[in-house]
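Each of the two complexes below includes chain A, the first together with chain B, the second together with chain C.
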Partner chain A sequence: MSEKELGKKWDRCLADGAIKFGTGLGLGIVFSVLFFKRHTWPISLCSGAGLGMAFSNCQNDLRSSYLLHRSQKVGLCNKTHSN
Partner chain B sequence: MLRACVRGAKATARKNTRRIPLTNLQPCRQYTAGGSSGAAKVVAAGLLTVGGGVGGTILYAKWDHKFRAAVENNVPYSDWLLGLALGPAYQGDIMKQVEMAQPPSMMDKPGKAPKGKKALKEPGSPAKETSPVPSQPAQSIEEASAEASHIISAISEISTVPAPCDTESAVKEECKECQHHADPAVVAPHTELPLRERPVEEVAARLAQQDQKEQDTLSSVSASLEECLASSAKATLQAIGAQEAAVQAITQHIHKLKEAMEAEVPPPEKSSQWKDLEAALADRTSAVNDAETALLKAKEALDSLKSEIDKSKGLKVSAVRPLVLAAEENLHNMVVDLDRVVTKLQSAESESKIVSQYSDLVNEAKLQFQREVSSLTPEIQANWKGLTGKLSADDLNALIAHAHRRIDQLNRELAEQRVREQIHIDASLEQQKLEDQKALEKAVLTAVQHIKEDTRLEQERKLSELREVMEAEMRTQLRRQAAAHTDHVQDVLKVQEQELRADAEQVLGSKLLEQETSYRQLSQEQLDNFTLDMNTAYARLKGMEEAIDSHVVAEEEARKAHQLWLSVEALNYSLKMADADSPTMPLESAAQAVRDSCHDNDFALALATALPEESLQRGVYSEASLRARFNALRALVRRVALVDETHNSLYQYFLSYLQAALLFEAKQEAPPGQLCSEDLDPFRLLSYASFCLEHGDLELAAKLVNQLRGEARRVVEDWLTEARLTLETRQVVSLLSAYANAVGLGTTQAP
Partner chain C sequence: MNTSVSRSTIRSPRRADRTETQRHVSKKRLATKVTIAGGALYIAYDSGLLGSSEQGSEALNRAKAAIPPAVEEWMKYFGLETPLPTMPKVEFSPVQAWNSGVRRSISSLSEAPTKATQYTNQGLQYLKDLTK
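Then we have the complex of A and B:
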């Protein structure tokens, strides 16, 4: 059902977001603990990066239905010549 | 919410703009107040121009009538206006022009008519043509007919108007016309009647009457003339005879006198001579008296003859003229003879006067001498010749002395006379000249009179000859005209006969044709009726056969239709049998049943095959399930209303969710008849669609939902497809059922 697609997308988004955020957080914590002397900025950076990636993924997923694939692109040059 | 704000802003902007034009108008009013004087000037100028134009048109129309007529024709209501201003259009102008054209044509005819009268070719047409001249306007038809007759007569060279019978009547008519020319008013009512041709009997009677009259006058005149002539001739002859006798007597007398004077005759014969002389003198006087009386009588008779001649001339009958002429000639001759004889008589008388004067003188001398002798010798008697012995010497001496004295006296007288001879001769010559002059004048007068009379008679004779010639010519022309007329009448009669014959034949032919056609029509009708009856009988038979056949066919059809209907009903039922959320059972079997029941029906077959595959395989959703699904969809659509191809970032999604949370629209709204751009708002569309669905109009709901764009559209795509499927299937099924119903209705027979 087409109406259920959006819900699915949102599910994926959220899941992905959660995963990426968590992963980022974890990595951030690790990096912060390991390399950055327990500053908070790597945590926020990595979690932010994780969120950002999740955001971007979500957006792309939501946009994916509007993107034209290579096979669908139509050349316009011929048309202008004929006109 | 945003949309509401935007809408509010637009409304306020619109309100603001509405106020501005009102304020803009106010300054304009100041401009218009300042320019009012200019407008008044313009208005005044315009009025002036229009008034000037109208006035000029009226004036020119008054002067030129053609212009007026043109204006009245082209501009409506202008005739009313011009009538008010100038009065009605002058009709007389037009009539004048017509009349002006006519008189030149009419003036030619009286000019021609007098010429025609001479040749006397068309004596009748002048009567007709000159009469319309006095009364022109009322007799245009007459003129036309006259012209036509003129033309026809010119073509045929004969008068088509009935010719008058004789020259006298034509002459009389001409005279009448002359009178009519002088009296036009009297003529007009009379000459309006056309000239009828007088019947032959009337003409002949009139002719005979006229001839009779002529004859009578002629006879009377000739009788009177002859009488007068005879009497005058007799009197003249008598007079001439008397004159001659008188002349004879006079000459006789003169002769005798001369004899008596000169002859030396012995006395007894002398006395007899003197007696004869006296007798001759008596004869002469009596003869002269007789001659005078006879002359008087002759003159009387001649005068009466002249009066008679004049009277007969006054009758103006042509046949009398030669008689008159002859009488005049006779009269002239008699007058001439009389005059001649009278002159002879006068000359004889003058001669005798001389002779008698001479004799008187001689007698006087003798008497004187005798007196002297007797005075000298009183005793001697008169007759001195016989006294030779009786005279004495003294007496003789006295006588001789007397004689000598007498001789001396006579010599003296003679010498005197010789001296005065010339004077006397001159005087006598003068006297003679005067007398001669008088006589000459008289003779000249009489000669002139005679010559005049002669020439007049000659002229009259010539005139009469000419007139006869003219009469003869005219008679020949008339005869020719009559001949031409008869020819023309014959021709016309022939033509008329032919025409009448043709007409009669035509009428006969047409009548025959009519009869034939009517007969044919009747027979044809009978045939037609019989054929018609036969045809109707055959048709009825055929009809009955067909009815029976069709009954059989119809029953078969009815059975089939019933079967179809049953299958379609089954299909319909299966369509209705659907749970709330699951589709119906596949319609394949029912469709197959329908297909089976309509092998031969292309329409139903086509419809049956038009069912969508999905519905056949999987079944379709019911309307209720679709409705429920829509209600669920609605919230989702609301949420993604702002997301479309271009606006599809997560931010947009956030905004869209925000809008959905904050915006409130009617749950259900009745859709308008026509969607405008504002109605394409998703929220509106959803409310319209839900209204439609609540009222069972799935089709309209699907149409409205079809207007969604972007993400919303993608979301409802499946629902739309399902809805389409359902609608399609339902449409086909309804068509099939309608068809089955129709067929069933068609085949069922009313009880």
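Then we have the complex of A and C:
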């Protein structure tokens, strides 16, 4: 992975983190107001879940260059010579 | 004379005591709330906000492109003609500055031993010349 690619991946990670945190915050506010009598815990739960999703995406993105993808896998065959 | 008020009169009416219309209204309210929450969740999912990081960054770029015209439109609608303060264009790039700083410090560290021997040799030569 080149440095430019790594930099782009980190930029994507940060942008994704901000978006998921904001989305979680918004959905948490909606649920808190509608169902949970304006308590704070749904807001914290949903924003935390958003951050967790962003972390997981980031982890997969950064690890993807080291993983062997399905199309690249080579099968091994054991040849048995019977005499 | 018993003046104490029984607890059952103070307590809120039991579920069985509620009229059919009240139950109907509460069901409607619950249905409305579920619809709103479900709609919010669907909008978030459909616009790619809960997907992969590429979808998230695409959504952010779309939002960046859509917000300034929307803000201008709303300001015209409300009659506020004053333009928003634009971000001043700064020529300084912190990333470039940091990278050049790292490169300079590492190169000076790598050259430090040779330069140190050079300067000590020059100093010794100078002292030798002085003592001659």
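In this text, the second predicted complex is superposed on the first by the 75 of 83 C-alpha atoms of A that agree within 3 Å, B and C clash if a C-alpha of one lies under 4 Å from a C-alpha of the other, contacts with A are read in each partner's own complex, and residues count from 1 in each chain.
In the analysis below, a residue touches a chain if its C-beta (ideal position, glycine included) is under 8 Å from a C-beta of that chain, and two chains touch if they have at least 3 such contacts.
Quick caveat, the model's predicted, so the values are computed rather than measured.
In the overlay built on the shared chain, the residue A:61 is in contact with chain C alone; chain B does not reach it. Touch criterion met: A:2 reaches chain B, while chain C stays clear of it.
Residue contacts after overlaying the shared chain place A:16 against chain C, while chain B stays out of touching range.
Of the two partner chains, neither chain B nor chain C is touched by A:39. In the superposed model, C is the one of chain B and chain C that contacts more residues of chain A. Common to the chain B and chain C interfaces on chain A are residues 58. Within the complex formed with chain A, the chain B residues making contact are 632-633, 636, 640, 645, 648-650, 653, 711, 714-719. Those residues of chain A that touch chain C in the shared complex are 11-13, 15-16, 18-20, 23, 26-27, 30-31, 34-35, 53-54, 57-58, 61.
The touching residues of chain C, when paired with chain A in their complex, are 33, 36-37, 40-41, 44, 49-50, 52-54, 56-57, 59-60. For chain A in complex with chain B, the touching residues are 1-3, 5-6, 55, 58-59, 62-63, 65-66.
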